[in-house]
Amino acid sequence: MIWQLDLIILVLVIVCAIAAINVKDLLSAAILLGAYSFLLCLLWAIMGAVDVAFTEATVGAGVSTVFCVSAVFHTTRRTTD
Amino acid sequence: MKLIGKMTILLCGILLIVFANKFPEFGDPHSPASTHLSPYYIEHTMADTAVPNMVTSVLADYRGYDTMFETTVILTAGLACFFLLRLPEEEEKEIYFRHVPTGVTIRIEECGAAPEDSDVFQRIDAQWVPRDIIIRSTSRLLMPFIQIFALYVVAHGHHSPGGGFQGGVILGAAVILFAISHNLRTTVAKISETSAAIMSAAGVFIYAGTGALCVMLGENFLNYGALAPLLGTDRVMARSHGILIVEIGVALAVMSVMIWIYYNLSSAGKQDEGL
Amino acid sequence: MVNTLPALVIIVPLLAALMVAAAGFIDKRACFPVAVAALSVSFLGAAALLVQVVNTGLAIEYRFAGWAAPMGIVYVIDHLSALVLVVITAVSLVNLVSSKQTIHREFADKEGAFISLYVLFTAGLIGMTATGDAFNLYVLLEIASLSGYALIGLGKARAPLATLNYLFLGTIGATFYLLGVGYLYIATGSLNMADLAAILPGMKDSGIVLFAFIIMLSGLFVKMALFPVHGWLPGAYSQSSSAAAGLIAPLTTKVTVYIMVRICLNLFSVDYTFHQLNVSDFLVWVAIATIVFGSLSALAQTDYKKMLTYIIIAEVGYMVGGFFLGNRMGMSGAILHIVNDAVMTLCLFMAAGIFLWKTGSEERGDLKGLFGSMPFTMAGFVLAGLSIIGVPPTCGFFSKWYLVSGGIAAGQYAFVAALLFSSLVNAVLFFRLFEISYFEPFIDHHHGSDDGGGHGGAGAVIQEAPMAMLVPFLFVSIMLLVLGIYSGRIVTNIIHFAIPAGVI
Amino acid sequence: MDFLTVLISRANYWAYIILMMVGLYAMIAKNNLVKKIVGMSIFQTAVILFYVSIGAKQGATIPILRHGPVPEGGGIAHAALRHGTDAVQAVNYINPLPHVLMLTAIVVGVATLGVALALAIKVYKEYGTLEENEINQRLRRG
Amino acid sequence: MTMETVLSVKPFLAVLVSLVVIPFIVVSRNQNLRESWTFIAGTIKFLLVLSMLPLVLKGKVIEYTVVQIFPDLGIAFRVDAFGMLFALVASSLWIVTSIYSLGYMRSLDEHSQTRYYSFFAVALSATIGVAFSANLLTLYLFYEMLSLATYPLVTHHQDRSARTSGRKYLFYILGGSIGLALPAMLITYHFTGTLDFAAHGVMAGHINSGLALVLSLMFLFGFAKVGIMPMHSWLPAAMVAPTPVSALLHAVAVVKVGAFSVVRVFTGIVGVDTLATFHINGIICAIASITVVVASLIALSQDELKRRLAFSTIGQLSYIVLGIGLLSASGMTGGMLHIAMHAFGKITLFFCAGAIFCATGIKNISQMKGIGRQMPITMTAFLIGSLSVVGLPPGGGFISKWYLVMGTIESGQMLLLLVLLGSSFLNAAYFFPVFYNAFFLSDPEMTFENRVEEAPIWCVVPLTITAGISMVLFFYPQPFLNLAKLAVQSINGG
């Protein structure tokens, strides 16, 4: 495990998380959530949790994002916060 | 409300930080977490189950009972989405057709004289968008590879990262990709909601049924060793095979539930025709 | 020969739920009988387990996948869990039997999914009760929660929003619990409750363990709707359909209280909970606040189902407060109240279901004249109300007896006062309902005048609920009396052994 | 140990706390239901990060035993495989248990997400908006 | 004195018999059949109680445990002299009241008679249950059962005024029993470890003086049916009930259950020794005296006959409490005896009030001018009843008042003697105008056409019987007197 890499990804993860809940467009929020999941997946791969990383890549970054997007597609993209 | 929320969060955060200071060193090989229980799994996985991937052996054997319910959680989610969203068939529905040669969309309000679904008149859903030939062809091209890879992930979970969950999700994702690149109606025609639902129940049933079979053979629930006489192997290999069986069940369940949830979420329960 | 009963109790409902889920798409008529049969088997299994445990006095352990305790997952059926198992399966079975028509009417096309979720919910609770593994409990908790969200979510117009709030808070609660398990794991490296209980006394002073305790209990408090994190409960329960409310309202909070009891007694020891940490006084005060708040809010409701939900909150306060009194009397009362309150709440919500079925409204004003038209239902409802008020010989009186005695023994007179206050408020609440259904609609009947009025007598037309709803309901209301009379025996033969010997 | 070392050596723990608080904040203080759901997802994954960090082990490899066609004069692990499992050293492999638990947690997460989104869609159908304050206004108006 | 114990199921049967008959009452389609069930149950109950009388008079105690709820506490019955006294009164009066109800309800053609008779039966069961209970838990159980069973009876008319009165009734009765009596009971249980009635009480040696005082007062006010001021105002309100209900329940069963419970608790739980050593009895006597005087004064100002009777009841009940508070043998005998004597007297008065209402529809005393000449039997019975209540010969009340007066002298409480005598004058004062109106004034509007007849025969017969018994008890008070003396003996005895 390379701690520099670890640290960089951690920072990116946090940035993605904060961005996801602050962005004014729900579609962007959904996509940012996907990015967040994917970064976490990288993080876990670095930490040696390969199975978790694999699952997070498929479930978190893949299907969850699809679900979020399709839900946003059926509701609205607008939000005030 | 916001202020209370912020206060709570601040309080929680401070508490968490204070107590996190008391954790053992990060990655310490001598922490209780690494010395109490886990060495058993690491050292005995081969001898007990003949599965080199400890995550798989712990997941599907030592803590196989957890995993069965994990699969059930997924099924529950599928049922829940169906139960919450699915709309019954509307009395007066509008049907959309597309005249393929001209590209004209026809809306029929009373289902009186609807044309047959044919090459000329194609039935479409309300949210039909003209499809992009490139996307459609590419995804069609990709699908077999995705599916084969998924099968590999399922089957090779004993030896490499992967297993029923990951494989199942990938399989489901392949179908979802098809649904996105084509449209829901075409996908539902290939895998109907009913079959998705029945397959997801069947997937969990394979898992739980394997366990129940072990009980019938006089051993504990999910003790795959009991299957040895049926599979014609010794008890250790029977465990390995048992894990494979349940992984297949998991993959089936996860795949179909993912499809099922997607059907309901992406159409807000309409799926263009009621139950 | 392995004793397979502990597995059967949960596996049979699970398999049945799967079959029902599939049958919902093939032949809807099969759903109901399969579910009833499975729950009956489960109930009989649980009862047999209880008998075995009481007769032998030993806990029964079942190893899943054949692995021994710390490696694999085990179920431990002891006095306490066997008792709660019987309650869960019985409540679930009775409510299902009585709501056949309601389910059919409300969820015509989704009957299969509803029944499947119903059985899954029950299976989740059964697993939570029986499991001896801290993480397995989380998984089962999620099964119960998810199916619970779905069951509640399809109700009245506001149900989705209320359920979404419930989902958020429920997820916070469950995740806090999971975090607590993680803290325990980091401190000990184990997930098995018995194993943890053996390791933890050696690390009493560890901050990690302390935090695990705090965060696990906080999570559970959210789940059981203790004041001030109760907000989700009234909305969610009052908006749900009556078949779902009859299952979820009696069981969810009680099973969560049971988990709390189990964690405090069997995971962290009595010594740790009551002597090492001095939290009991604080938590008793929280419970008092819950009771007072629940009772007062119930007073403000005009919707009787909503009123019942606030009563549930107050009852949670009874149990939590009673348990944290820290003496044998109080704990016995709390555990006994888990049983009694489950049955009482079931009875009340079944009654509410019948009223809704007949009148189509949940406003208390629409209960008028029911004593005349539905005398049997009202008799059962009165019995349930009296039980909540705490009138002997109904079961509510006896759990209150233990709780108050425990409060006196612990010197917590504020708790005693809160209990009595809540009893009096309940009396007001229920007699208000009884008055409406008994007196109204007002008719001027001069003596000797026509007897065609709405009140009883020869003139009133009796229009009872269908037999399939009425018979289980009356059975439950009679159980209130039976439980009351047997409560002393339940305490001496079962609950006595559930409380560690160290507690006086 | 100076501040920076503490900060970096336990960076995962700090990150998990921050993520958890971000998620919690979104769930409590945000107005939009989908935002809340996103926050819930973050909240849950924070705990997963915590668990995976518990399982981390310095100088250990992924929790899959080395195996396969054994090369001539292969390493210690391979020899161990051939001669039984006694020689497998627990220190050499990362703790698999938290990983297993987290697979479950991830699945639970996606299941909860699905149900939450389904409910959000229903709420939107009912009220035509996802903002909680607007819904409350509408409810108050009757 | 060692008390011989006999095990017998009879007390349980006596309680059960009126409950068992309820289903028959409910399913009976025919009016006559329905009411005959009531009579059958009443007779059986009375005979069962009567059959235990010889044993009790021999100084034996009959015990029966129904179900053991807690290891050392259960629902159990124990028939001793005091309980027997009360049970005898209640069960004999049930039969009489049933006859009266028959006449009253039928002549007024009341609605929901089935419900009426059913709850009447429940109330009677509960009354006998209270009389025979062996411990405070059983007593509390039946006490609550009685409270709830009488609610539909009190609110029988189901109109707005019935609802208001019903609320008041529940507020005082349930509020008292849940808010005061229940915690007092549990605190007692916590400190003493038992709730069985014992001859000398169970508190001695376990509870200090302050707590004993608080608990005694909690019991006194908690058993609000005894109508000690300020917990009395439900009683006048409850007079909206049909007259037989008022008669049996508010002159006999309900209020007497309150008095009985208070006496039981003071003698069996608190213990006379504790009352004496901690000087609690003085406070009790003071409260009771105030109630006696104030209630009598209020009664003077009431014009509605039933309300006047109600306030009279409040005052008379406090005599019973006062008798116990005196702690002297005669005083306690007088108190216990007063339960019986007042019951027969007061029920006669209520029957008369009902009969007048039945026949004329009149409720107020001022309208009863000249009625004595039209309803001579009724008004003669009224005279006898009121003599008994005032405490003049030849009414049975004379005997009990005599003992009470003796008690005050024995314990040297001259002030209380004054209270007793003064209140008797007040009693006389509030009954006198009724006769004066009835016999010596004539209503100018009363003409030949609208002159009234006596009430139906079913109403007149019972009131004649009770008036007769009231008179007989003056000449032959032995059954009740012996029981009361036995009871006092067992309390003071040994």
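Order of writing sets the chain letters: A, B, C, D and E. Residues in each chain are counted from 1.
Quick note on the criterion: a contact is a pair of C-beta atoms (placed from the backbone, for glycine too) under 8 Å apart; a residue touches a chain by one contact, two chains touch by 3 or more.
Just so you know, these numbers come straight off a predicted model, no measurement behind them.
Engineer: Can you list every chain that touches chain A and also touches chain B?
Structural biologist: Shared contacts of chain A and chain B: D.
Engineer: If you apply the touch rule, which chains end up adjacent to both chain D and chain E?
Structural biologist: Common contact partners of chain D and chain E, which must touch each of the two, are C.
Engineer: Looking at C-E and B-D, which pair shares more C-beta contacts?
Structural biologist: Most C-beta pairs in contact, of the two: B-D.
Engineer: Name the most central chain, where centre means the mean of Cα atoms.
Structural biologist: The most central chain here turns out to be C.
Engineer: Looking at C-alpha means, what's the farthest chain from chain C?
Structural biologist: Max centre-to-centre separation from chain C belongs to E.
Engineer: Looking at C-alpha means, what's the farthest chain from chain B?
Structural biologist: E
Engineer: Just how far, in Å, is the C-alpha centre of chain E from the one of chain B?
Structural biologist: Chain centroid spacing, chain B to chain E, equals 74 Å.
Engineer: When the C-alpha atoms of chain A and chain E are each averaged to a single point, how far apart are the two points in Å?
Structural biologist: Using C-alpha averages as centres, the distance is 78 Å.
Engineer: How many angstrom between the C-alpha centroids of chain D and chain A?
Structural biologist: 11
Engineer: Roughly how far is chain B from chain C, centre to centre by C-alpha average, rounded to an integer in Å?
Structural biologist: 32
Engineer: Could you list the positions in chain D whose residues touch two or more of the other chains?
Structural biologist: Correct list: 11-12, 18, 24-25, 53-57, 60, 62-64, 97-99, 101, 103-104, 107-108, 110-112, 114-115, 117-122.
Engineer: At which residue positions does chain C touch at least two other chains?
Structural biologist: Within chain C, residues 135, 139, 142, 146, 149-150, 153, 160, 185-186, 191 contact more than one other chain.
Engineer: Using the touch definition from the top, which residues of chain E touch two or more other chains?
Structural biologist: Not one residue of chain E touches more than one other chain, so the list is empty.
Engineer: Considering every pair of chains, which are in touch?
Structural biologist: A-B, A-D, B-C, B-D, C-D, C-E
Engineer: Which residues of chain B touch chain C in their complex?
Structural biologist: Those residues of chain B that touch chain C are 15, 18-19, 22-24, 31-38, 40-41, 61-66, 69-70, 72-73, 75-77, 79-80, 82-84, 86, 88, 194, 197-198, 200-202, 204-205, 208-209, 211-212, 215, 218-225, 274-275.
Engineer: Note which residues of chain D are touching chain C in the complex, please.
Structural biologist: Against chain C, the touching part of chain D is residues 24, 27, 33, 36, 40, 43-44, 47, 50-51, 54, 97-98, 101, 104-105, 108, 111-112, 115-116, 118-120, 122-123, 126-127, 135, 139.
Engineer: In the complex formed with chain D, which residues of chain B make contact?
Structural biologist: Of all residues in chain B, those touching chain D are 1-2, 4-6, 8-9, 12-13, 16-17, 20, 23, 25-29, 31, 33-35, 37-39, 41-47, 52-55, 58-59, 63, 66-67, 70, 73-74, 76-78, 80-81, 84-85, 159-161, 165, 261, 264-265, 268-269.
Engineer: Give every residue of chain C touching chain B within the complex, in rising order.
Structural biologist: Spelled out, the residues of chain C in touch with chain B are 1-2, 4, 7, 11, 14-15, 18-19, 21-22, 24-26, 62-67, 70-73, 107-110, 113-114, 116-117, 120, 123, 127, 133, 135-136, 139-140, 142-143, 146-147, 149-150, 153-154, 160, 183, 185-191, 199, 206-208, 210-211, 214.
Engineer: In the complex of these two chains, what residues of chain A are touching chain B?
Structural biologist: Interface residues on chain A, with respect to chain B: 1, 50-51, 53-55, 58-59, 62-63, 66-67, 70-71, 73-74.
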